[in-house]
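What follows is a pair of complexes built around chain A, which joins chain B in one and chain C in the other.
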Partner chain A sequence: MTLLGVNRLTRHFGGVTAVNFVDFHVEQGEIVAIIGPNGAGKTTLFNLISGVVSPDSGSITYKGAEIGGLTPEKIAALGITRTFQNLQLFRNMSVVENVMVGAHRRGKKGMLQAGLRWPGVAAEEKSIYSRAMSSLELVGLPGKENYPAEVLPYGEQRLLEIARAMAMEPELILLDEPAAGMNQGETNRLGELVAGLPDMGTTVLLVEHNMEMVMTVAHRIVVLDHGSKLAEGTPEDIQNDAQVISAYLGEEVF
Partner chain B sequence: MKQKERAKKNYFKCIAQILFMLMVAVIPLLITNTYYLGNIVLIGIYSIVVIGLCLLMGYAGQVSLGHAAFYGLGAYGSGLLTVNWGWEPLPAMLAAALITALVAYVIGASTLKLREHYLALATLGAGVIVYIFFNEQVNLTGGPSGFSGIPYFTIGGWVFSSEVSYYYLVWFFVFVAVVFARNVVDSRIGRALRALHGSELAAACMGVPAYKYKIQVFVVSAVYGSVAGSLYAHYVTFISPSPFGFQASVEFVLMAAIGGLASIWGPLFGVAAVLMLTELLRAVVPILLPTAGGEFEIIFFGLILVAVMIFMPGGLTGGVKDWWVRRSHAASPGTVTDPDKAPEDILPSAGSGRLSK
Partner chain C sequence: MHINELMQFLLTGLTLGGIYALIALGFVTIYTVTGHINFTQGEFVMLGALITASMVKGGTGLWAAIIASILLVGLFGALFERAVIYPARNSPVVTVIIITIGFSVAVRGVALLIWGTQSYPLPSFSSGEPLYVLGATMNKQSVWVLCLSLLAVSLLFAFFERTVMGKALKACAINRVAARLMGISPQRMSLFCFTLSAMLGALAGIVITPTTTATYDMGLMLGLKGFVAAVLGGLTSTTGAVLGGFLLGILEAMGAGLISSGYKDAISFLILLLVLLKRPEGLLGKPDGKRV
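Moving on to the complex of A and B:
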């Protein structure tokens, strides 16, 4: 089943066309990577899909329904969430509290019920907490739940972003350069984590510069350059695509 | 280990609450002077307003410069309903709170979508309008001279006419106000509000409905003001517009800032500190500067506010907490909490405009 469909999507910023007539789709259970040089429009594409910016033209469909131009909050409610290249942690909160915000939508009780500790509120809090803890375990950050989020090392902050997003139990997760700033060992473990997400019911759309990881985990790759789609195919196709090599990869990468 | 830590934290919270209740219970036995007791009643009434304001400022990152208007709506609502229409005080209090909630909803719904401190400006304007309404609707409110004859508070035939009984009534409401606020802060809603502080963008991508929660917390904080106003009206039994003007709104903000915004106990300390300082100034300044007018209070409080913002951005409670953390940090170098981290955004704009980037 096609989960996400992007059709002729375009977005300008002033005179710059950040995303230009881009077409691609993501099937349920897939890991699709988007690669391209800096300024190719990868992050803008993520911002469009997650509702942070609205498209100028073209469409974004999720399970066949148009989602282009919806607010991030509505898109999250449909089961799509994301991480951020420039970390957007809640720095004023503890590690587990960060992840608990990811599980926010598990709860249904409102402010009055919370204030009065209505029956059911405690059970809901417990389920949010345990969801958050298993999400932390998933990314390999157990035992650090009471640390302030901002004291974690950089690589762990990236994992925390993923834990927070996964606490939402999304159907589609957009990972924006999750390996940036990670060392080799951390990147390898991240690759294993990402590769396992489809088995948990989460489809992955990934922006990443680490080619080794992309080529290992991605089922399909979309190459962007100057806002336009340059190529699309399996990792093997992409590695052998002359156009891609000259535009971006360069032979020494492999 | 973690479970133990959580349990320990809850244990301390419990102890603090019990100590607080014991202290509240014995104060009237120790302080029999009605003037002092009356001041403690006022501290309680103001604390309710300021707890509400702290929910808004500390957790939703919005400032209200018109909280005295909600306080006034509660007072006038209760006063008018009981005096002119013969309502019982308790239903009158609830009706006044409902009216205030509606007014706050209208103000909040039209301004909370805007970024930065538009709410502050809108509440400033609304506060001035309500103040003028109290002054000019002479037939209804008695105008600048106010109106008297507000009955004592009663619950089912029990009359709170003595100072001591009113003291217990007010502090019961303070306790409820603290518990409600603490429950909200410790819930998914409270976390979501704090998350909005940290990154509105990320919170939205996790499905947190920012606008809805901001309106809700604004309405709740206005209702806190209204309930305090009702308690004030039944306490002094006479009301006029003057305690509900702009200066009162600023004083509430000052009390909140001095006590510490992101804290539930802070308001009690903030209110007490400001009221005690006022009393002290009134006693000391005329001796030192016989020609000084009433402005010295404003100047002095202005200086204090600036000093608190620079040296103790977390307010009194935040300052003490920081000192404690630094102390225990020095004792055990292994702790992870960074003592040098200053809570940078004590009066933050919740939005910081990140979404528009």
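Moving on to the complex of A and C:
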């Protein structure tokens, strides 16, 4: 089943066409990577899909329904979540509280009820807490739940963002350069984590500069350059695509 | 100067401070989550007081009237948010501030038409002899004021720290974009904050009425005092708002007692000026900090 469909999607910023007539789709259970040089439009594409910015033209469909231009909270409610290239954690909140905010949507009681109906609050709170804790365990951050989020090392803050996003139990997660700032060991563990997400029912759309990780985990790759789609295919196809190599990868990468 | 007198001023100050703290919390709750400063806060105080006083006058039991009034003012706050703030949500901050000032003038005008200029009394919540604390007298209503404001403050803290909704509100205040991507709707949070702040304001107006009586224009001064207390506490911190409220109440009472009661309001606004000029981030705020 096609989970996400992007058709002739276009977005300008002033005179710059950040995303230009881009087409691609993501099947349920896939890991699709988007690669391209800086300024290729990858982050804009994520902003469009997650509702942070609205498309100028073209369409974004999720399970066949148009979602282009919906507010971020509506898109999140449909089961799409994301992480950020420049981290967007809730500072001044503890690690587990950050994840609990992500987990709140899956609360059986509405948020208002959870806030106001006292007898049910404790039980609800407990179940959200335990879901947050298992999300932290998933990304490998146990034992740090009471730290303030901002004291975690950079790589762990990235993992925390993934934990927070996964606590929403999303059907589609958009990961924006999750390996940035991570060392080799952390990147390898991240790769394993990402590779395991489809088995948990979460389809992955990944923007990443670490080619080793992309080539290992991605089922398919979409290459963007100057806002347009340059190529699409399996990791093998992309590695052998002369156009891609000249535009972006460069011989020395492989 | 007797120590008894100082104690008396301190007790008076704490009572006033409890009221200011409740009003300041209304300002802070709305500001942290929506970024707006709501100068209609004082009118919530007035409406709470006058609705309760009218209901009691009409024969409703005191506690029933109090609860009904808090709920009604909460509803009023929600309607205010939907009808006035929501349509202006994308306007600059200054525009929204001016809208809230204008709306407060309108509410005061309508209150004048409904209730007139006379003052409405409310009986003390309990009768009996005043208490004596270290040589100072404290009437029963002051005890009520202190206890109810502390109760409201503790409930609010528990709410922000212990409930998921509270965390969602905090998240919305800290990083709105990320909160929206977690499925939190800022508009719903805004609606909730205005409702909550209206109820806090109403409570403040109700508990102070047995001491001061209620009039249509009481909200102006009380709202400004609450704002001073909130600024004193840094505008972004609930703890700061509570401390600011009590500090302002005590300074006012001391100033009134030691200098002259005529300077009571002047002292508040002098404090506001000093804080804004010398320490705009408030007593607890971090300089140049981001709004959180």
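To be clear about the criterion, the second predicted complex is superposed on the first by the 244 of 254 C-alpha atoms of A that agree within 3 Å, B and C clash if a C-alpha of one lies under 4 Å from a C-alpha of the other, contacts with A are read in each partner's own complex, and residues count from 1 in each chain.
One rule holds for everything that comes next: a residue touches a chain if its C-beta (ideal position, glycine included) is under 8 Å from a C-beta of that chain, and two chains touch if they have at least 3 such contacts.
Quick caveat: nothing in here was measured; it's all calculated off a predicted structure.
Chemist: Using the overlay on chain A, decide if chain B and chain C clash or can fit next to each other.
Modeler: The answer is clash.
Chemist: Quick check on the superposed pair: does A:Glu145 touch chain B, chain C, both, or neither? Answer first, second, both or neither.
Modeler: Touch status of A:Glu145: first partner only.
Chemist: May I ask you to name which of chain B and chain C touches more residues of chain A?
Modeler: B
Chemist: With both complexes superposed on chain A, which partner does A:Arg8 reach: first (chain B), second (chain C), both or neither?
Modeler: Neither partner.
Chemist: With the two structures laid over each other on chain A, which partner does A:Lys126 touch: chain B (first), chain C (second), both, or neither?
Modeler: A:Lys126 sits against neither chain B nor chain C.
Chemist: By the touch definition above, which chain A residues appear in both interfaces, chain B in one complex and chain C in the other?
Modeler: In the superposed arrangement, which is not itself an observed complex, chain A uses residues 50-52, 71-73, 76-77, 81-82, 84, 88-93, 97-98, 100-102, 104-105, 107, 111, 114-116, 121, 124-125, 128, 164, 168 for both chain B and chain C.
Chemist: For chain B, which residues are in contact with chain A within the complex?
Modeler: 2, 5, 180-181, 183-184, 187-192, 194-195, 197-199, 201-210, 213, 216-217, 220, 336-338, 341, 343, 355
Chemist: Note which residues of chain A are touching chain B in the complex, please.
Modeler: Interface residues on the chain A side: 50-52, 71-73, 75-77, 81-82, 84, 88-93, 97-98, 100-102, 104-105, 107, 109-111, 114-117, 121, 124-125, 128, 143, 145-148, 150-151, 164-165, 168.
Chemist: Quick one: in the complex, what on chain A touches chain C?
Modeler: Of all residues in chain A, those touching chain C are 50-52, 71-73, 76-77, 81-82, 84, 88-93, 97-98, 100-102, 104-105, 107, 111-112, 114-116, 121, 124-125, 128, 164, 168.
Chemist: Show me the residue ranges of chain C that touch chain A in the complex, using the header's touch definition.
Modeler: Within the complex, chain C touches chain A at residues 159, 162-168, 170-171, 174-175, 177-186, 192, 292.
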